[in-house]
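Shared between the two complexes below is subunit A, which has subunit B as its partner in the first and subunit C in the second.
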Partner chain A sequence: MHLRELSPSGIVGTGIVLGVVAIALFGPIFFSGSTEIVGRPFMMPTPGHPLGLDGYGRDVLTRLMNGGLTILLLVTATTALVYAVGIPVGLFTALHSRALSASALWLFDCLLAFPPLLLVLLLAASTAGGVTAAVIAVAASQVPWVTRLVRAAASEVATSGYVDAARLRGESTWSIMWRELLPNIRATMLADLGLRITVSILLITSASFLGVGLRPPTADWGLMAAENRNGLALQPWAVLAPAAMIALLTVGVNLMFDAWPKTSGRRHSAELTENVA
Partner chain B sequence: MKALDHARRGTALAVHDLSISLVSAAPIVENVGFALPPGGSLGIVGESGSGKTTLAMALVGHTGPGIRIASGRVEIAGRDILAAGPKEVAALRGRQIAYVPQDAPSALNPSMRAGDIVAEMLRIHAPERYGSDSIAKAMDLVDLPSDSAFLKRYPHQLSGGQQQRLAIAAAMAAEPRVLVLDEPTTGLDMITQKRILDEVGRLRARTGVAVVVISHDLEVVEELCDATLVLYAGRVVEQGPTRALLKVPAHPYTRGLIGAVARPGVRPRGMYGSAPPPNRRKGGCLFSPRCPQAHDDCREVNPAPQKAGPEHWVSCPYHVEKTIVEAAPIGERKRDTCEIPVLDIRDLTVAYRGQRVLKNVSLTIQRGERVALLGQSGSGKTTLGRCVAGLVDREAGDIRLNGTPLSPRVARRPRDQLRAVQMVLQNPYVSFNPQFTIGATLRRTMRMLCDPGRAAQPDRPRLLHLLERVRLPAEAADAYPAQLSGGELQRAAIAQALACAPDLIICDEATSALDVSVQAVVIELLRDLTEDEGVSLLVISHDLGVVGSISDRIYVLDQGLIVEHAPTPVLLASPKSDLAKRLIASRPDTAAGSTVFHATSQRTEKTHDTLHP
Partner chain C sequence: MSLKSIFGANTMSRFLLMRTVSGAGLVLVVCLATFVAVTLLPGDAANFVSGRSASPERLAEVRERLNLNDPVAERFFRWGLRAVQGDLGPALTSPRQVSEIIAPRLRNSLILASIAAALLVPLAVATGALAGALAGGSMDRGLSVISLVLLSMPEFFLGTLLAYWLGVKWHLFPPIALFDAAQGPWSNPAVLVLPCLTLVITNLGYPARIIRANVAEAMSGRVVLTARLNGIPERRIVWKYALRNCLAPGIQVISLTLLYLLGGIIVVENVFQFPGIGTLAVEATQQRDLNVVLGLVATITVIYALVMLLTDTLIILVTPKLRTLRF
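Showing the complex of A and B:
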């Protein structure tokens, strides 16, 4: 993958994502004291506090710089969990459509019936409501989609001659899954990855907003938007700034991943054909 | 009907100096010219990538995305369709010239009923004739029923032959003067092919429509066309009356094509290499790299058309030196059959979704023997091959390899059995994982299948030796599948099958996706391998030509039952079963009366005209 192969929107998206990630990663190093009260609640921006203060009188910019890391970590964890379950199950069920596969899919279809946010609330409420519960709940609502997608894409590949050829030379199910199927559904998976990350961002921040998962006084963009919504009229920046960061991250991720599949995959010149012929 | 006497009878379609190129200016078709008299017929023959479909579409004034007309004229009813405005083009299409695209099943809108497909053509191109009478007339032209039950059917409810005929009926609905048929028989089984060819012949006789047939198949063109034009890499290499052109082919490429046609009892001769793609066409004769009689100046000088006979033109200055010899007849082979057969299938029954696709099938193959399984689509022949390979479960019966029972499932077979039974699949383009080089896949096969003693040897020299055996150059080892042509991939697939000294290779329609010249290369290779290495072959095919040119013995499979089996020459000379008789009758070269493909068959010659009433 070369940057020059990306479309303009892909470059913009990648730039936005890199910027937001840089803020999330390096912000905490340069801006400390996110829980310090430095002035009057909902104070409008001043030269010392360019984004003003929040409902507790804490500096919005400092909190903004500290609030991205949690989201990044939670989204990464959620997405990793989703794919760690969805890919193997999807690949396996594409190869073997027997009773075991059928029941696994049936179970996942039941999960699909729940609205994702309701599932998040339900799971978080039935446990202690910690961060882990939020991650598992968000992942659980995403796994059925990924499994279905992997299965659909892999089923098509599974009828290819090279999968037959692999079975004929005695490859195990495991190696057919990882060697023959997965690399050949990569484009589909990448196209979906952007959507999965976006939905994870939305659900994780929604969970924070609803008070599930992360707890105050943690600096977190989702929490910040929730805490300060009462003061929207007094000091809009306390809500708009974190909301804008979430929006930027979402839009950037989508632009980036929409551009990727078009440029990934093997493209070969006809160069060799002539020599070989 | 005499070909090309358009001076007297006027022209239905005239193409002058037509060149079509990519937007990048790389030429797809160069300086093509021909004239078609009213009611005449012209065949345009070429292999994949020759530009024949691009040419066919240009005849109806259409170019695909990224393609443009570089120069030239296409005159229909005295007007140049390439210079005409959108309205005029629309008026010419349908009424003057109609196009039947390749692959009718995908060309027909699946959500439209048969009657509506024909009605739409009338509504757009001949609204004054719109009505059920005209629809019935169009259906009648191609011998399709015109009752309301049939007209209400959707394309998927029709057979392949009916779909093709419906596409022709729709094209003929507005009574055009010229009909362009793009690969009218490709993808149909032999008997349906024959029926479509007869149908087009009758259509011409009844309506006087002029026909342009685009095909890779010389036999189709021989059957349908008065005149033929041979296209190679976008250039006309030879053009003339079909009979003369096929009987006394002048261009080395045409001679090669004719020699490559697989037909019973004859060893086809392949042409190695492939035509250059548009961006790699340089000066000189484009065929010269593959030409057995190329001279030094062939690579530099662009050959001008020369007269080779009355109305017969050839673009080769050396066409008088005819070096390509006739395809050689096959001699009979003797082998002792007393040993244990390599493959012994007894009473095999296979069910798929509750339906029996194979019923009590028994089949044996001796060591070094080439056995063919001949059948129509849906006969269960592919299932049989996959069942032997262990990819399909069986319901009952016994399959033995060298006397030892084979497990029904490939996953349960010991390594030695996996090594012994190999398979070459129908579609070479998906036979290799696109993520790995050919060499990587072949090495993996060797690692997994060969015995440990051999696996200890260095991989690279063995890999190169393997490629050499299927006549692929060393570069192929480092190539990804997307970089190789279909023929090269199929040879690589054969290399994979050969990797660890197999006892039996199953070829499931292994040549049907390939061009004629490449198909001949693969057939030749498979024959040599069985003769040199004692490998047994199970060839599964619907193509009597392929089967007849490769096998020692033929089993005929009809709806899951073996209806006949006999040594190939015996079966070809005196078929017993109904299906075998019909298959043999469906081929121009085995049926009496062919002008060209009769040369080596022992049948009595009748006049060509008996085929064209």
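Showing the complex of A and C:
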């Protein structure tokens, strides 16, 4: 894919994502001391502290620079987990529509009856809480969608001649899944990837915002937005700056991936995504 | 006696019966899973109720009172029987009953969600139809980018932004929804404005895009071509022909949006500290009041199942092809 094939909004989105990811990755290198107390709580911006101080008197800019890495890590882990479960199950159920597949799909449908954040809260309440619970709950709420999408796309491929040929050659289900089906649904999966990442970011950061997952004094954009909410009238930057970083990331990712299927993928795959999502 | 003899050859009522049964099954399974997850905890409810330093006698007494010594299956059965009658058992961290705690909060949330939905649905249909009718034009491209930005906006960002601008800075609406949970938001309707606005804006993008895609497809179809050749005015074509042809996907996406609204309400309520089921869910999680969490899961799952059943019914009613189909 070449940059000039992208639409203007796609270029803007890619730029935003690169900027936010660069801050998240390199911020911690240049700004240290995110838990140091340097002044009065909720102090308004001064030349030394351009974004002011938070509710404990810590520098907001320093914390902002350190608060993106956790999100990148958690979102990567969540998205990887979603695909690690969704792709094999989706491919398998596309090839075999027997009782095992039917019950797996039905089980996943039950997960869809939970609003994702309720699932996060439920898991946090019934375990010790923590990051693992948040990641598992967010992944669990997304796995059904990915499974459905993979199954829908792979079912179409599964009826084609080369899959029959592979079967007659005596290839195993496993090998058909990975060598015949997966490469042929790549475009559909790519068209869906942006949505998955966006939803993962939204849910992981919302979980932090609701006090599930990461614990203070970790510098994390979602957590920062939550813990400084009481000072909104005194020092809005402590809340708005980290929340804006998350908004920039989600908007950027969506703009970037929205430009993809138009330029490189097939129109068909975009349609399939819209129907399933 | 076969199903057919009860319901006759009417395929629709048979289909709806099937959907009702599967919906009830879903509620049952979700509640059972939650019940088991909540029961199999390290350290049971008695520990939460009586605190860490409780004596063994006190623990045994609380266990007896909450019937924690009975088998899980028996407890679930008893809980389910009472839940059907609207009794969700005692709360762990307060002397009140779970149903008493949830009822006013649920009403508050439903008021918020209904107002948001009443604004959201016509707005989504109108923008979707407009963009779809002008597909490919600059208006369509502009709306497409705007709706994409809106649907990727975190609720807590837009919520705090609105709370700061319209609440703290301009003093137009209260930035925090302070009112007595038992009295309900009508005691001070202004508190509803910002949470509603946040819900409407963040949930508008998705249905608008889907409706746009369907209208755009219908506009390039033969029905619309024929109508154009007959000289029917363009505005009438969009409303009478194109929109009508995407009624079924429209209902589908709107019902999905209503379900998202229910999820988004959890964050929005917490941004504005609105006393609804969203703030209750977070409070109950923090206090680890598992009976309240279980009651909330049951309540929300029932609402989910009802919305889905209603969606299926409406889709059958508006799609002649499905009305006569044999299942």
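Keep in mind that, in the parts below, the second predicted complex is superposed on the first by the 261 of 277 C-alpha atoms of A that agree within 3 Å, B and C clash if a C-alpha of one lies under 4 Å from a C-alpha of the other, contacts with A are read in each partner's own complex, and residues count from 1 in each chain.
The definition used in the following text is that a residue touches a chain if its C-beta (ideal position, glycine included) is under 8 Å from a C-beta of that chain, and two chains touch if they have at least 3 such contacts.
Keep in mind it's a predicted model, so treat the numbers as computed, not measured.
Applying the stated contact rule after C-alpha superposition, one finds that A:171 touches subunit B and leaves subunit C untouched. Contact with subunit C, but none with subunit B, is seen for A:110 once the two complexes are overlaid on the shared chain.
Looking at the shared chain after the overlay, A:233 reaches subunit C, while subunit B stays out of its contact range. In the superposition on chain A, contact is made by A:184 with subunit B only, not with subunit C. Among subunit B and subunit C, the chain that touches a larger number of residues in subunit A is C. By the document's definition of touching, neither partner reaches A:75: not subunit B, not subunit C.
Shared-chain residue A:246: touches subunit C; no touch with subunit B. Judged by the touch definition given at the top, the superposed model places A:161 against subunit B, while subunit C stays out of reach. By the touch criterion defined above, A:125 reaches subunit C but does not reach subunit B. Once the two complexes are overlaid on chain A, the subunit A residues touched by subunit B in the first and by subunit C in the second are 274. Contact residues of subunit A toward subunit B in the complex are 160-162, 164-171, 179-180, 183-184, 266, 268-277. Residues 272-274, 276-277, 279-280, 389-391, 410-411, 413, 415, 418, 421-423, 425-427, 430-435, 441, 444-445, 448-449, 472-473, 475-476, 479-480, 482-485, 488, 493, 496 of subunit B are the ones that touch subunit A when the two sit in their complex. The residues of subunit A lying in touch with subunit C in their complex are 9, 109-110, 113-118, 121-127, 198, 202, 205-206, 209-212, 222, 225-226, 229, 232-233, 236, 239-240, 243-244, 246-247, 250-251, 253-255, 258, 274. Here subunit C touches subunit A in the complex through residues 26-27, 29-30, 33-34, 37-38, 41, 145, 148-149, 151-158, 160-161, 163-164, 168, 175, 209-210, 213, 259, 262-263, 266-267, 270-271, 281-282, 284-286, 288, 290, 293, 296-297, 300-301, 304-305, going by the rule given at the top.
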